[in-house]
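Okay, here's the structure, questions in a sec.
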Amino acid sequence: MITLSGVTKRHPGGQEAVRRLDLSVARGEFVLLTGHSGAGKSTVLKLMAGIERPTEGTVTVSGQDLGTIRSGALPYLRRNLGLVFQDHKLLLDRSVFDNVALPLRIAGFPGADIGKRVRAALDRVGLLDRERGDPVTLSGGEQQRVCIARAIVHRPAVVLADEPTANLDEAYALEIVGLFRRLHEVGVTLVVSTHSPTAFGDARVREVALRQGILVRSGEARA
Amino acid sequence: MSRLLREHGLAFQDALRRLGGQFVAAFLNLLVIGIALSLPLAMYVVLGNVSDFSRQAAAEPQLTLFLRPDADATVARNIESRLKGHAAIGRYQFVAKAVALEDLKKAAGLSGIVEELGRNPLPDAYVVTGRPDGAEALEALRSEAATWPGVDHAQLDTLWARQVEAVIRGGRTVVVILGSLLGVALVAITFNTIRLQILGRREEIEVSKLIGATNAFIRRPFLYLGTLQGLIGACIAWGLVMFAVGVLERELGVAASLIAQDGVLRRLDIRDTIALAVLAGGLGWFGAWLSVTLHLRRFEPV
Amino acid sequence: MSRLLREHGLAFQDALRRLGGQFVAAFLNLLVIGIALSLPLAMYVVLGNVSDFSRQAAAEPQLTLFLRPDADATVARNIESRLKGHAAIGRYQFVAKAVALEDLKKAAGLSGIVEELGRNPLPDAYVVTGRPDGAEALEALRSEAATWPGVDHAQLDTLWARQVEAVIRGGRTVVVILGSLLGVALVAITFNTIRLQILGRREEIEVSKLIGATNAFIRRPFLYLGTLQGLIGACIAWGLVMFAVGVLERELGVAASLIAQDGVLRRLDIRDTIALAVLAGGLGWFGAWLSVTLHLRRFEPV
Amino acid sequence: MITLSGVTKRHPGGQEAVRRLDLSVARGEFVLLTGHSGAGKSTVLKLMAGIERPTEGTVTVSGQDLGTIRSGALPYLRRNLGLVFQDHKLLLDRSVFDNVALPLRIAGFPGADIGKRVRAALDRVGLLDRERGDPVTLSGGEQQRVCIARAIVHRPAVVLADEPTANLDEAYALEIVGLFRRLHEVGVTLVVSTHSPTAFGDARVREVALRQGILVRSGEARA
């Protein structure tokens, strides 16, 4: 599903965020990215989503090389991804509902479908009663859950989530982990970064650990 | 097809909402665009009126052929036939000596004198009006006509004609300069508005691209917004100019009938209006397109 | 004191940086302001030239007093002394019958006629020029002078004078409308620019307030920015108008000497320039102040 | 130093984020605010900083009642606070240095002082080498540390920090906790919210727990 081979990401400043990384995520796998702050977790996820381009090496998603993909085709590839950003990236000038509806509007879903799907997604993160609210009226953890709802509302084949439980206390974190597990069970491919891997500890999850941009440990692939 | 229509409909709604949402700011912006458009438009209307005026008055240079006192009807007919075939001529008029005397009597303070004259010392004459801008052709006609039999002398009011032509040419230059300047201004205003709209919606654009929006999808509401701004600006300009012409007409009073024969100044007709709408809408679209194209680059390769 | 100076210095630098940082956008904005200012300014200059012209030509209505053929020097002196004391009079001129005949000879196509006359049928006359805008006073003088001994009849060119006055009054109305419109436009442009600057710096303003910035601190760079925009716009307008007058003068050529006696059109002098700078800077400041005051409210009570 | 008495915060939507709260923080105290997501931690901190106004009750900081304070005096009060926001609130259009320098510029420090103090603060959070960088080039954890540097650069008497370790792995979280302890030792008053209180566990820290806006547990005051 996703393959990184020999990927190095060097930033203009001279920083090497990721160094000669080989990583392959099979369809239906649940991969946990761990590592200290600045280890390169977010960078790996951005490379997989085509948000950053590798300085060296190739990134392939669903058989398409992101280095050579037509720029017109990238949007359609992205509509199969669900992204949870570390900094949320919620739009503060529109309601929770409209934030979650954004991927559906962009993909051109008809209006009737949108309402149903958005409410289903908000229900899964426990925020159905806040749909008319403004993101600024939400607590940090609530915002994070809206972000998760937006990532899954269009039922993507792949979910890439960057520290989705950072702002959540243990009880909520476990709920989100449960949500990810259910997605995993219905065949969604997941790559999730975290700095508290214990919450995810599970036989079906494969942990990939980074240190200063280098892969230091990689569990076995378990589809 | 229906999906494309739906997406255009949504983009248009988005543009409308954006205009309505920041009502005061949008209104001020439209006012500025309207004012900017109204100025060359007003100049255009003024020039239209002035050139109507000048066409009927001074821009058409006049040539007067005074006939010899002994010239008879045959000679006059001969001259008339020469004039008829001449390309430089707009129209001509025969002024009999008796008519000329009556005119002289009406002229200021001369009635007494004319009576004292006892007899009519004036000659018959042809007053020839050249085509507009045809001063040079008329000049040539003057030299030619001076040699015609029966013509005493031919007098051309060239200097005045040339001066009025120069004034009108100057006026045209001003309209061209002004029109270009304000065309640039319209594009600049739209460019800036859209630029700031884009900056204000940075996050939205960024997030939309990240979750699969195409460039066309992102562009569309801005292009509608630019075009709409231009069109509404054009409406405002149209209203301002129509209003101003009305005010001017009332202020001028009698003088208005100096400019337009019936005292009603020329206004914008349906063709002017359509041209204005197309131009303003087009310039608005262009400003928006330029802005979107330049500024969306920043969001690459995200 | 030195700290306040430092803070003002920093705010000014901030405003400059902001203008320079978005060069294309800032330039376009300034161009729009410059153009907006240049139009009433150009009208002002044109009106200045026209009123120079009209003052020396037609706006001063003329009254001609034709004397009886039998009027002698005593009668003339009597009339002259009456004229001298009269308030309605700008200046007057005695035109002797011999001079009038010479003038008539020079008039188009009449030289032959005058020679045939044998003797001079013209009377002596006084040509009285009224004060500018003094058409009514002159009208009164006409009725009065018609009864003076030695005056044959008094002829007033009132209609023409009134029409020119109306045209000039119309022109003033246009300048007032235009000036107000474009004053509003300048304020609107500044208002909008500053508004969008504020929106673009939302986060900065919010964070600054949260960590202890006073309202004055936040306001200051925006006020400098508005004033600067107005001033630079004024410079551009000044340049445009000076350039346009030059172009116009060249285009008009001979006709320019019709308007200004020496062929040099009136331009902006130092007082006009200072007034322009103060006005434009002031309006820019006002637009910015309005915008900041209205939009900073949104950040309350944060 | 800070006193909340009978404070209720009801939002326009009808939500009661905080209910009849009595809490007093003495000068030099280190208070830890805990509670589930949406419990009202951020709201309490915002009330203390005068960012939110209580619907009922009074909030007093340094003896000044925030309900009746002149709006002209509030900025000067805030210059004695150091705030760490849950959503960072870094300015993305200026460098890390300029972000950290902001409180000094606002307070009108002379240019020479600013450089020294900013570098000292960045050093304390381990980001001295990134001072010329852009906040967007930083990882989530690095951004959070910049935010902490900005909160302490002007040596405020009170630090109010909202989940300052949410995006940090354990090692970095411990470093930040150490930094807060040192501030505590030199007499700074600290109120810190967190959803992982174990990292802060210490005899000198007083834990205040909230549940649905109600105070459910409050350790003893220890100055």
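Order of writing sets the chain letters: A, B, C and D. Residues in each chain are counted from 1.
Rule of thumb we're sticking to: a residue touches a chain if its C-beta (ideal position, glycine included) is under 8 Å from a C-beta of that chain, and two chains touch if they have at least 3 such contacts.
Everything numeric here is computed off the predicted structure, so don't read it as measured data.
Undergrad: Distance from the CA centroid of chain B to that of chain C, rounded to the nearest Å?
TA: Each chain's C-alpha centroid was found; their separation is 23 Å.
Undergrad: Can you compute the centre-to-centre distance for chain A and chain D, using the mean CA position of each chain? Integer Å is fine.
TA: That gives a centre separation of 29 Å.
Undergrad: How many angstrom lie between the centres of chain A and chain C, each centre taken as the mean Cα position?
TA: 67
Undergrad: Two or more other chains in contact with one residue: find those residues in chain C.
TA: If we look for residues of chain C contacting two or more partner chains, we find none.
Undergrad: Counting only residues that touch at least 2 other chains, which ones in chain A make the list?
TA: There are none in chain A.
Undergrad: Chain contact graph: line, ring, star, complete or other?
TA: ring
Undergrad: Among the chains present, which pairs are found to touch?
TA: Pairs of chains that touch one another: A-B, A-D, B-C, C-D.
Undergrad: For chain B, which residues are in contact with chain C within the complex?
TA: That would be residues 25, 28-29, 31-32, 35-36, 38-39, 64, 66, 108-109, 112-113, 116-117, 121-123, 125, 152-153, 155, 157, 159, 162-164, 166-167, 169-170, 173-174, 177-178, 181-182, 184-185, 188-189, 191-193, 195-196, 199-200, 240, 244, 247-248, 251-255, 258 of chain B.
Undergrad: Any idea which chain B residues touch chain A in the complex?
TA: 3, 6-7, 10, 203-204, 206-214, 217, 301-302
Undergrad: For the complex, give me every residue of chain A touching chain B.
TA: Spelled out, the residues of chain A in touch with chain B are 49-51, 53, 71-72, 75-79, 81, 83, 85, 89, 91-93, 102-103, 105-108, 110, 150.
Undergrad: Would you tell me which residues of chain A are touching chain D in their complex?
TA: By the definition above, chain A touches chain D via 11, 13, 15, 35-38, 41-42, 86-88, 133, 137, 139-143, 162-163, 166-172, 195-196.
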